[in-house]
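See the structures that follow.
Paired with chain B in one complex and with chain C in the other, chain A is shared by the two complexes that follow.
What follows is the complex of A and B.
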């Protein structure tokens, strides 16, 4: 069974994006502004939204959001399991599943963060059962949980470390022409990157995403209804989530993965491409969640865009950027340089690329891919297509 | 002697905390006696780490802890330079090792490198456990074998 082309993203929206702690609005207000913007963008009455999906334990519950919107009938309310931004595309997948199965008609996917109001979650001070096995050795934050994976990956593959720099610089390059980007006006040079301080080896300051305040939202409905709405539909051709054998390295333990140096896309990539009936060679533009640059490199390799041996030639700044790159990446600036809205801003940008509305528009986009949350399970990914791709 | 000299990391930030119901307590009790114990299924005899209430392979709930050689090879590493809080500042950089245990191939333990934290870390190098005794618990650290 496939739901290829059965549903579409018809509306996208966001609040203003801020440096972390700088939002003048409470987090709930940011979320509501994003949802109302997405509804207006689509041309749907917010009261007719009947499904609500989020991820990463978003604090703004479907109950409060639907109540505040005056929704006439609530039909669908789900939360994606799993760590952090890995859930972004999975949340859109849930919305598509709900619509395709007829459980709801108009589903909004949203994520909001106000770290001035609620504190920096990057500090990860929360304790889980039995986590002293890593915590007592100073392995608590996301970067501390992932960096050893990358060093093993370098060891096994001989990957060129310059690929990490190219990923970072591509995001900063694209942010310079995006008025929404928090890092607009702050371009990144090779020297700045190379001279930036280590955070956790093998990652420097500019290998790490920002933390921000803001919210983003997408509205999903049926392909049939999408045709009558305001925007050019971004059809959901495929979506997948998953991880390999004992892959849940994000939570209590880092010791139990059978496959340690991975971004966790190996198992889902064939399912994703199979449903979408396209291959990596058909993809026009990619948004890949950047928690840390090395995770993006691993993700792109596992999604089939190059091998580790080819990566040094394929993953260059020139090749990852508009207007001439063959693999335009993170064209809004992404988590690193637009804003860290837990990756949902990447899904929004993927939709804009299908519509021709990006500030870094790739020509004639038919296939637009997002992969969410490298090194976290369940990782998730989705492929959007234009009408021509159906 | 200051805590900074006695321990690799400050216990005020990174203590061992046992939760109830506990899965990892036998490991910490053994470490107190300078032994390395990890979980092993009594039914299919596979090692399992981190610990869980059932065996991921045969689904038996009959699991115990067994002593293994406190030695292994460096499978991966990372060097932490950015302190998560000001209290950690005097302790950076520190190295976290992922160690594949000699007695349990495919099983990885995590601990800090004892000694100069700025040295190049050779993946594949042999390491031996170095037990770091705190007042209330003992950490299993690692030093490069000579």
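What follows is the complex of A and C.
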């Protein structure tokens, strides 16, 4: 069974994006603004939204959100398991599954973060006894956990750490033409990148995502209904989530992973491309979740865009950016330079690329791919297609 | 620059009935690990079942405390100011066939690399805890 093309993203929206702690609105208000913007974009009455999906333990529950919107009937309310932004595409997958199976008709996927109000997500204040060792040895925050994965990856594959720089440069480059981007007006030079301070080796300041306040939302409905709505539908051709044998290295205190140096996309990539009936060579534009630049490099390799040996040639600023790059990456500026809305802004951007509405529009996009959350399980990814791709 | 063990004030482990034998032994300078006779394998972190045989029968065994660095990272930005930086977070592959996380101490951060031979070194952290660290073997 496949749900290829059975559902579509018909609305996208966001609040204004702010630097960490700068939002004048509380988180819940940011979420409301994003959902109302997505509903208006789609041309659907928000009271007819009957499904609510989020991820990363979003504090703005389906119950609270649906009540605030005056929703007529709540039919679907689910939360994606797993850490951080790895759940973003998985949350869209849940919405697509709910619609395709007839459990709901109009499902909103949303994520709100006000780190000024609630504290930094990445600081990992709360801990389970199972995580004790990681805290005692100072390997508790995401960067502390993932840096050892990256160093092992360099050791096993011979990947050049210098390949990471273009990922950061591409995000900052694209942000300069995106009015929503928090880093618009703050371009990144090679010198700034190279001279920035170490956070956890092999990652410097500019290898890391931002922390922001804001919210984003997408509305998913059936392909049949999508045709009658306001926007050009972005059809969901495929979606997948998961991890390999003994994955969740670190996150669940598994230290003897059988495949430790991985972004966790190896097992889901064949399922994703199989469902979408496309291959990496068909993808016109890629949004890849940047927690840390090296995770993006691993993700691109595992999604089939290059090998570790080819990475130095493929991962150049010219090749990753519009208008001439062959692998346009993170065209809104992404987590690094647009805003860190836990990656959901990447899914929004992937939809805009299908519609032709990006500030860094790639020509004639038929296939638009998102991979969410490298190095976290369940990782997730999705492929959107234009009407021509069906 | 010499990497040193941390001092009191860092987050200490939350001891559960399940992990108490490990921490009690550490106070006596012994490194324990979980061994499952059904599969003949060591497992770390200690878990209620063996991930290979699915057996629940296990015994605590004492490790020789020798191994090699499987991976590592030099941390400059700690989770709390209680940590002195930089420190070398590491995964150590023990000779008994299991991986555990720890920190490498007693050498320069630049000397830590995959494959570095290390040996356990117990360090008292405050009144309640003794944490196993690892240090390059040739220095012993």
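To be clear about the criterion, the second predicted complex is superposed on the first by the 386 of 390 C-alpha atoms of A that agree within 3 Å, B and C clash if a C-alpha of one lies under 4 Å from a C-alpha of the other, contacts with A are read in each partner's own complex, and residues count from 1 in each chain.
In this text, contacts are C-beta pairs under 8 Å (C-beta built on N, C-alpha and C of every residue); 3 or more make two chains touch, one makes a residue touch a chain.
None of the values given here were measured: they were computed from a predicted structure.
Engineer: Overlaying the two complexes on chain A, which is it for chain B and chain C: clash or fit?
Structural biologist: clash
Engineer: Under the stated touch criterion, which partner chain does A:30 make contact with: chain B (first), chain C (second), both, or neither?
Structural biologist: neither
Engineer: After the superposition on A, what does A:272 contact: first (chain B), second (chain C), both or neither?
Structural biologist: neither
Engineer: Is A:311 in contact with chain B, with chain C, with both, or with neither (first, second, both, neither)?
Structural biologist: After superposition on chain A, A:311 lies in contact with neither partner.
Engineer: Once the structures are superposed on A, label A:147 by its partner contacts, choosing first (chain B), second (chain C), both or neither.
Structural biologist: In the superposition, A:147 contacts both chain B and chain C.
Engineer: Once the structures are superposed on A, label A:337 by its partner contacts, choosing first (chain B), second (chain C), both or neither.
Structural biologist: Touch partners of A:337: none, neither chain B nor chain C.
Engineer: Counting only touches as set out at the top, which of chain B and chain C does A:166 meet: first, second, both, neither?
Structural biologist: Neither partner.
Engineer: Find the residues of chain A that appear in the contact set with chain B and again in the contact set with chain C.
Structural biologist: 123-124, 127, 129-130, 132-141, 144, 147-149, 151-152, 155, 197-202, 246, 253-256, 260-261
Engineer: Going by the contact rule at the top, pick out the chain B residues touching chain A in the complex.
Structural biologist: Interface residues on the chain B side: 8-9, 14-19, 22-24, 27-28, 48-51, 56, 75-82, 84-85, 88, 91, 93-94, 96, 98, 106-112, 123, 137, 139, 141.
Engineer: In the complex of these two chains, what residues of chain C are touching chain A?
Structural biologist: 6, 10-16, 19, 43-45, 51, 70-79, 83, 87, 89-91, 98-103, 114, 125, 129, 131
Engineer: Where on chain A is chain C touching in the complex?
Structural biologist: 123-124, 127, 129-130, 132-141, 143-144, 147-152, 155, 197-202, 246, 253-256, 260-261
Engineer: Under the stated contact criterion, what part of chain A meets chain B in this complex?
Structural biologist: Contact set of chain A toward chain B: 123-124, 127, 129-130, 132-141, 144, 147-149, 151-152, 155, 197-202, 246, 252-256, 258, 260-261.
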